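For reference, the structure I am asking about is given below.
Order of writing sets the chain letters: A, B, C and D. Residues in each chain are counted from 1.
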Amino acid sequence: MNLNAGWASTGWTSTLDQIFVLVQHRVAELFPPVLQPWVAMILGVVGIVAVFPAIFALTTVLERKGLGRMQNRLGPNRVGPYGILQPMADAIKSLTKEDIIPRSADAVVHFLAPVVLVVAIFLGYAVLPVGRNMVLMPIDAGILFFFAIGASTELSIFMAGWSSRNKYSLLGAMRAVAQMISYEVPLLLSAVVAIMMTGSLSPEAIVAAQGGFSGVLPHWYVFTPWGFAGFALFVVAALAETNRSPFDLPEGESELVAGYFTEYSGFKFALFFLGEYLGMMSIAGYGITLFLGGWGAPFSFLAFIPSWAWFFGKLFLAIFFFIWLRGTLPRLRQDQLMNFAWKFMLPMSLLNLLVAAAWRFLGEWLGAGVGAEAIRWLACAAVLGGTYVLLGRAMLRRQKIGPRSYRYAE
Amino acid sequence: MTTAEMKSGIDSGIKSYLPPVIEVEAENELLEVAMGPHHPSTHGVFRMDVALDGERVVRLKPVFGYLHRNHEKLAEGTTYLASMPYTDRLDYFCSMTNNWAYALAVEKLAGLEVPERAEYIRVITAELTRVQNHASAIGFLMQEMGASGTPLMYAFREREKILDLFEALSGSRMMCNYMRFGGCRVDLPEGWLERTKKIVAELPRFIDEMEALLTGNEILMARAQGVGVLSPELAVNAGVTGVMLRATGVNYDVRKVDHYGIYDRFSFRVPLGEHGDIYDRYMLRVLEMRESVKILEQALPQIPDGPILDPKSKPRGFRPKPGEAYGRIEAPKGELGFYLISDGSGNPYRYRVRPPSLINLTILEDMCLGQNVADVVLIFGSVDIVLGEVDR
Amino acid sequence: MLGEGILKGLAETAKNFAGSFVSEERLTTVEYPEQRLPQIENTRDFPFLVYDGDDAMAGLRCVSCQICEKECPPKCIYITKSADKKPDYVGKAQFYPTRFDIDVSVCMSCQICVEVCPFEAIKMDTEFELSTEDRFGGLILDRHKLAKSNEYYHQIHPTEAAEVDARLAEEKAKVEAKAKAAAEAAAAKAAADAAAKGTADATAKAAESAAKSAEGQA
Amino acid sequence: MKSAAELLDELQGAMPGVKLALATNPSPSAQHSLVVAAEDALRVAVYLRDVAGYDYCSNATGVDWLDKETTEKVKTTRRVKKEVDGVEQEVDETVEETVKRVEPGCLEAVYHLYSMRQGPHDPHPPLVLRMRTANRTDRVELPSLSPVWRAAEFQEREIFDLYGIVFKGHRDLRRLLMWDEFEDHPMRRDYVDPDDFEYEPTPHDEVLKRAEEHRAKLAAEGAR
């Protein structure tokens, strides 16, 4: 496996690329050898705990400004230049706000819920490659670890909903759990294609498999029919998994006030908020790892830019996409959401598995060559695209949904 | 009085239109939720006592009156003119049409004639009001659907322009207090017509934009089609008016029926729905905006010169002869009526507002029973109410 | 196709996102208080009292007729009539308000008071930055705070003020003409009387007194 | 659509013995009304809806007519015994007396009916249907027309709330705008405000007087 494929490993670019790794090593070397692995680990943890919440803070202000721009408003612009210090003001506000625990709530569980959420989400970052050689805990079954940890966030959400003793909280929590469990299936299945192709559960290996360029274009999985379908399915499932619009039913404010965190205020609410955004970023990070080439550059001539810059650049693009969706779409209803998961997402992701397998066999069977490649590409795309159109049309027809025309009276 | 006695009218064999009764298996497993008066989606202070079986609504009772200020009693204690500014505060989105409805009723009562120029101004302001009300209503409906405010902001962007026009005309953006018995208060300021023409010319583009964002959206269609269906028979019997009624396919627009004002001079069409669901109400609002723009395009160039107030109308000492009158117009929310009884004094003996918002809510229960709790909010939003008018 | 409408919507929001950076028409936000919109001439918020001349209290047009107090829908005007009289703009002796308070926390800016005022004495202001720390006293404006000059009125509502001035001038001219006519009539009558009596002396006296009274009225 | 007078004839023809009267309206609007007796109201309403085509009840409201006290000067002639010229005789004497007569007031329910079935082709004034209670105090029952026109459902609740007319046959007669525990009917013309008024922060004149009385009362209650 060539980790350095397409990378000009010369001089200052490589130093810049590995700068955080180098700093970590230098600092660790100051300690006795017994402690060195520990120090390195702690430095990594500190890095993650510092960087991602900082991005969260930036994201909140970017989201509000971005939504504002989409709605022809300015967004926050009073705190600091261009309102960039708005998250500071929000943090101070949430810290100084009274922390209310409803009288009939289960105080311990009520307190634990946001903590469990944030801890579980942070654990997911342990195996996320944010740059070349930049993984906190390089384990072979990293993807499996992430999905396992990700599934435990449901627990904290149900804890919050149940312990609040509020009808809206309970309804919101039940919705959230149902939704997250349903969408975990397509999420996993859509991720499986990338694992199948790579033959490894290790995120680093998956990124490495997408390294290298044909001409100037990279070998990202998203540029294959099955990869594109897998990516699209992954994005939809990720939206549902992180309760983002248009799947933000658990906290649908017009129906359930604030869903499972209705009874949270002050810092606990801020923790929930943090947990949500961290969850969104981590799932986006895995989407990037699985389908968008991880920290790889999109064009061979841009490979001199450090790998971590590419990763975070892609992360911000993904976040912007989430904001864009939020600014555009209304939300679905619970039964429609479930229908969509089981009747559309699941069949599509299963079909995608088959297509991915077919892609592999066709590759071996047809052999190399441009013509063979084109046949393979078109066949897979046609199967997926055709099924998508047919399934979509059938779904709309079954629910009697479609554009209408209107008559007029003079 | 016993319940049996109370029900005697219903049991007497008259064909009545009542909400369905939903059978519940386990009564004690119902979740009773009070949606409102503190709830993000209630357009103000309004409460729905909802009983849920899972997420399905099995019982629903609307509760009103949080904003009740006894507008009618206030009006009976002051002169006719002094009630005019209070009508602004009924449906505070559409003060111009409220003014018109009240002025119309008083004109009927006192037999005043409205000069032609004033009639044109009334039509122009009323149609501008309709456009901004429908746009905002769609925005609020989308807000209810969780669209994080984008359509609402687009609607408000246009509404802002219309409100600026109202300010230039009447001095106030929302509480216009502009119409008078037998005409209007002040004449158009200089350059107003040109500005209005420019803004009206841009309105179709805005409606197109809104439609591009919403009409074809699959999520909107999935949420709105086939939800909150109202049958035409029930709608007529329950006195539902406005877009709600026409969405069921009943052709009844007071502008066409009563020919009040000078509406018979303009050619415009009344869009009709077929299914009576939320999507039809949404689309009808869009189509009515387009028709309003058509009326405005006809009215703006035609406006004649002349007086704007009936010389018989006077600000002080207005005393209509004894009698009564009921005047109604097609307000954006439905049929807005004013019923006045005069005893010959300076104050009305009886002053009654027929609030379309309140009466359109009569069938809220019928539409919501058996639906998902998330749809209740949508159905409620699609009725398009303003609590200032419901509670008066 | 499923998703078509969603893509269309996404394109629309993207257009608006980009448009808000370049087009003035899309980004309509006004960053008050740094930016302010130009004043619209017809704007109204709370009433003020117009005075002529330099002395605010002496020049008040208000004659304390209390019509506005009665007609005010929310009843936020409080007037106390003076015991004595002073001449108004046409020179007629009139009462004046010793107290004229408007509670702007109750006022709803309907301008019914302006419409019913027969003396063009009360008009609508455009000043909207009235916030105060004193919730009770600070929002009751007395006649000293309410009195604003006719020049100020011209400044905020030029068209309307010009109309009002024209109307007042016309009225004044009418009153003067009437007084003059009355004086002439009185003089003529006196002269006729005097002629009947045959004393030219009395004629001169009567004419003088009539002219004086006409002057007094003017 | 038929005028109110024509409808009156038609109704009397269709339902012999029905108690109906025409109330003319002198104002320029000329919207005349039919006054129907409470016991016949329901069948008249059904006829109007199903036969005469008035399928749409636009407005339903109450009116309070107070007891009207009229004073009249009446000349009465009585035979009185009087001594005339020392002889007791019965003489006719005319005395002028003031007679006070109280015309009992009533509560009235007014319905404005239109026809939607007719559509926009036949503009017509509203048909005004009125019902009157026997008095304003204890006999305030009227039949509910909400089974006929559902539109009256909330409006009759409002009338019940604000005027106190009890509608028999209403499916859910509760207060609409005031809270359930409220006792009086605020739209009645002899209604007196209860002393739980939230006084404005800067009361004046009459309101100030009442506010001071209110505060004094509260202070007295507090002292006790």
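One rule holds for everything that comes next: contacts are C-beta pairs under 8 Å (C-beta built on N, C-alpha and C of every residue); 3 or more make two chains touch, one makes a residue touch a chain.
All of these numbers come straight from a predicted model, not from anything done at the bench.
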Any chain that touches chain D and chain C: B
Per Cα centroids, the chain farthest from chain B: A
Chain pair showing more contacts of the two, B-D and A-B: B-D
Innermost chain, where centres are averages of C-alpha coordinates: B
Where chain B and chain D are represented by their mean Cα positions, the distance between them in whole Å: 28
Centre distance in Å when chain A and chain D are each reduced to the mean of their C-alpha atoms: 68
Mean-CA-position distance for chain B and chain A (Å): 44
Averaged-CA centre spacing for the pair chain C and chain A, given as whole angstrom: 65
Where chain B touches two or more other chains, by residue: 150, 154, 157, 213, 215-221, 251, 253, 256
Touching two or more other chains - residues of chain D: 120
Multi-chain contact sites of chain C, meaning residues that touch two or more partners: 2-3, 6, 9, 12-13, 16, 26, 28
List of chain B residues in touch with chain C within their complex: 78-79, 81-86, 88, 150, 154, 157, 160, 164, 167-172, 175, 177, 185-186, 189-190, 209, 212-221, 315-316
Sites on chain B touched by chain A in the complex: 31, 33, 39-41, 55, 142-150, 153-154, 157, 213, 215-223, 225-226, 251, 253, 256, 269-275, 279-280, 283-284, 287, 372-377
Footprint of chain B on chain C - complex, ascending: 2-6, 8-9, 11-13, 16, 26, 28, 40-44, 67, 71-73, 108-112, 115-116, 118, 124, 159
For the chain C and chain A complex, residues of the former touching the latter: 1-3, 6, 9-10, 12-14, 16-17, 19-21, 26-29, 31
Chain D residues within the chain B interface of the complex: 25-29, 31, 42, 46, 50, 55-59, 61, 63, 110, 112, 116, 119-120, 123, 126, 128, 143-144, 146-155, 162, 166, 168-171, 173, 175-179, 186-187, 189, 191
